[in-house]
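There are structures below to look over.
Look for subunit A in each of the two complexes below; its partner is subunit B in the first and subunit C in the second.
Let's look at the complex of A and B:
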């Protein structure tokens, strides 16, 4: 296995910047998720690491060796594509064996390795099936086996579960995690699904508009988003526009601490960080949704600001009723400034 | 409650299973026209080649016209020439159009659009115009010969009225169809399938032979079988551009019927051509059936 470093890597298409110069270090055996919305440059970055796009600038260092201008097959990487990319005219065995045959391995060695790879992804006994005879999840497992059989140092996965249903995605991501831990293979996983990234990654790289917004563990990213974009993108966050004055932010009835320069700013409070109190900001409940373990109340302040609150199921709440809220924990964001974060109250 | 639901949904599902003649009535007219103006005359003509009028005016079964065809060296030479022209044209069509289809699939440039328009252009030109344009361009003392002589290249042998004349004309004529089918086949190959092959170490030739060609096998079969049907029975291009002896079956049948005035032998020639084309037709039908079966398995 190997470490991966990106040093000032960028990509431009027809003078349009897809990825701004960025640097990133990924440790040996780490599973890192590149998370961001469509067009954030995460797939382009992955394709540059895999050799399918040439960086406009910078270095792609795998185990210390620059491979920025090396062909995909000459890199110690293997890519799992979003659309499975199985060769439909070949059966499962031939799909997995194709790369080994190109390496002129003996028939016996190929058979052993292919069978091992198929067992690893839970497809033992499926080697004679054609791709069309497999479900979407099984096809993606074949694609993973096709990569793993070549024993790459770095596994690249480009939204591999995007075309699968939620249940299957959850199951497969657990399996991928288990395989990754077993093989200790350095893995880069591109996704736009935050739940996938939060559940799967050792570290998450949040990207927006071709740049890295934040790098951190799932806990760090969720608890302490460093930018307004990350705060808004990861999980649910109430982003309430307000004004900072004299070390406090006033926004839609909230009056909370904000140690930053005076001026307009955005107050950020997660739905689970509200407390129902006797005194505080009064909002009207518009809709209540039972989400199983808790209730989700969609409320509205008198000035029209929508506020989402998570409530204990024992809390008496009804549509049209009033709630008085205070924030147990909040953050304040302003572009260009360091965000302010309150200490959570007991 | 469930009873109420069952009874409520029953009438809605009933019309789906009920047989209605509307669909058959809808296609009855075209099928009738095909039967009257296509199948009946064709079957009558084929029947007429084996149930032949005798000199005494009576009718009897006879395969004499077939025996004549397969013992006549001129007829067999013409059949051989037809095979040669058809196969050479088909090989050239694939050789010319496959690289274009691959280029069009993987290139997003403006040049690709221009090449596609250029390749499809013959579709909008009537055959007679193509023929006369080729005669004026490729014929003796034509534009090509003149241009070559201007730059000092002499000894130009015009393909006009040689076996290559119909080949050139038919390649021009069948190019748009071939390109359209191959382009459609190529569009079914995902870019990621090619990239996945590159990723595991396949070079360009390996990708062509191991990934692209097997995945457009159906398109190649469709192009081959339909082009065979069209080219084998061609009469116009070989008549206008080809030699008179030996000649392709199309002009041979035409001449046997209208000049030699031997309708029985012309019908026999047509039946033989029909039988040979049926093999290509079967290959086409089989490829369609296999594709449908594969889709059903999916």
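Let's look at the complex of A and C:
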């Protein structure tokens, strides 16, 4: 196991910037998720760490050693691909054993290690099967075993569960988390699914357009998004355009504190950060959805702004009825400015 | 109602009749003639069966000489074609270089010309190079015939190998050469096997090039068949040689199926 540091790493394809120069430190044994929409540069970044893309600039340091220009087969990394990438002409045993055979280990040692790895991913007894005889989830477990058996210093996972159904994804990500904790292996996990990142990661790196928007723990990222992009991308956030004047923002009937320069800005309030009060901003409920533990009300302000509110199930609410809202907690964003965050009220 | 329409699958029946008439019937006729000693009109089947013409054909030393010449030529041309075309196919599939599309299309364009005219112009060139009437000349002309198949089919096969599979192999420590040997080649093997087999069979049956460049000194089986039929029109000679020529391709096909497995072999042929 080892730490991973990126120092000024960038990538250009035909003069188009895929990843702007960025730096990042990942501690030994940490599980970090690279989260972002398609085209945000997260997979390119992962491929540069794995050696499949050569950085246009910067250093990729694994345990302090720069491997930016080292071939993938010479790097202490192992990658799980989205497409599983199992070798269909080999059975499960040979798929997992291939890397060990290249390292010229003895037959007995290879057999022991392969069987252990397959047991670890819950596929004991499947070693003679061909990849086509396995389900998508089982194939991905073989791909994980193929990486783990080599005891890499860094484990890279490129949207490994993207092709699996929701139930299987949740199960596998729990298993991956358990294995990662057990082996204490430094892991970088690429995903575009925020629920996956929030559930798995020690820290999340949110990326957009080839740059890092924010690095933080799942709680920090969710509670205190540092940019408008992160606020919009993580969880559900009501983003209401408004104007700041004299230290207050006025937007769709809300009049809230905003210690920033005067001008246009965006008021951000999470659905669960509204309170139903006697006085406040009045909205009309358009639709109510029962989400189990709470109700989700899709409402609309008189100026046409859509507002999503989470309500306690005991709260009387009906479609077409009115709600009077105040914000328990809010933030104000403007590109290029430091965001303003209110202190939560009781 | 739907079941009734399905039972009367007329296009299917028409297609079946078409296949029987144009493919099965000529083959059956050739087989019948090969084992016929007499067949007079209006009898539907031969009036006298026998192996007399087989003995006549097989006791001729020039038949065996031509057979082994054809076998040897096919093996040499297929091997040379593999050595030249497979690396080229890999380069076309996996590398970027100037003129790549042009070269790919040029193989196709070469085959779009009327074959006979093309071979005549090559034969004229060979004449000035003293290659006409030589074994080497026949090898070269037949080799040129195989390029389209031996580049296009393996190129498609190499392109179809998932890049992630190759990267996964590199990722676990395989050098580029090992990736090619352990992953890329086995993945592309069914299609490459099909291309090799078709090259072998095509070369074995190739007539125009062998005739224009090789005749009369280099005598292949198809050339011998032509001369036997031209000299005395005995249908049985042609039929016996046709069946005899069919045997090597059948053996090659059966061997290929045995080595590669019917599924992957069919996949290689595009099934």
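By our rule, the second predicted complex is superposed on the first by the 346 of 346 C-alpha atoms of A that agree within 3 Å, B and C clash if a C-alpha of one lies under 4 Å from a C-alpha of the other, contacts with A are read in each partner's own complex, and residues count from 1 in each chain.
We adopt the following convention: a contact is a pair of C-beta atoms (placed from the backbone, for glycine too) under 8 Å apart; a residue touches a chain by one contact, two chains touch by 3 or more.
The structure presented is a predicted model; accordingly, all values stated were derived computationally and were not measured.
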item: Fit or clash - subunit C, subunit B, common subunit A; value: clash
item: Which of subunit B and subunit C A:13 touches, first, second, both or neither; value: neither
item: First, second, both or neither for A:102, with subunit B first and subunit C second; value: both
item: First (subunit B), second (subunit C), both or neither touched by A:89; value: both
item: Subunit B versus subunit C as contact partner of A:133, first or second or both or neither; value: first
item: Which of subunit B and subunit C A:50 touches, first, second, both or neither; value: both
item: Residues of subunit A contacting subunit B in one complex and subunit C in the other; value: 50-52, 71-73, 77-79, 81, 83, 85-89, 98-99, 102-103, 143, 146-147, 150
item: Touching residues (chain side subunit C, partner subunit A) in the complex; value: 162, 164-165, 167-175, 178, 182-183, 186-187
item: Residues of subunit B defined as touching subunit A within the complex; value: 190, 192-193, 195-202, 206, 210-211, 214-215, 217, 294, 297-298
item: Complex interface listing, subunit A residues touching subunit B; value: 50-52, 71-73, 77-79, 81-83, 85-90, 98-99, 102-103, 130, 132-133, 143, 146-147, 150
item: Subunit A to subunit C touching residues, read off their complex; value: 50-52, 71-73, 77-79, 81, 83, 85-89, 98-99, 102-103, 143, 146-147, 150
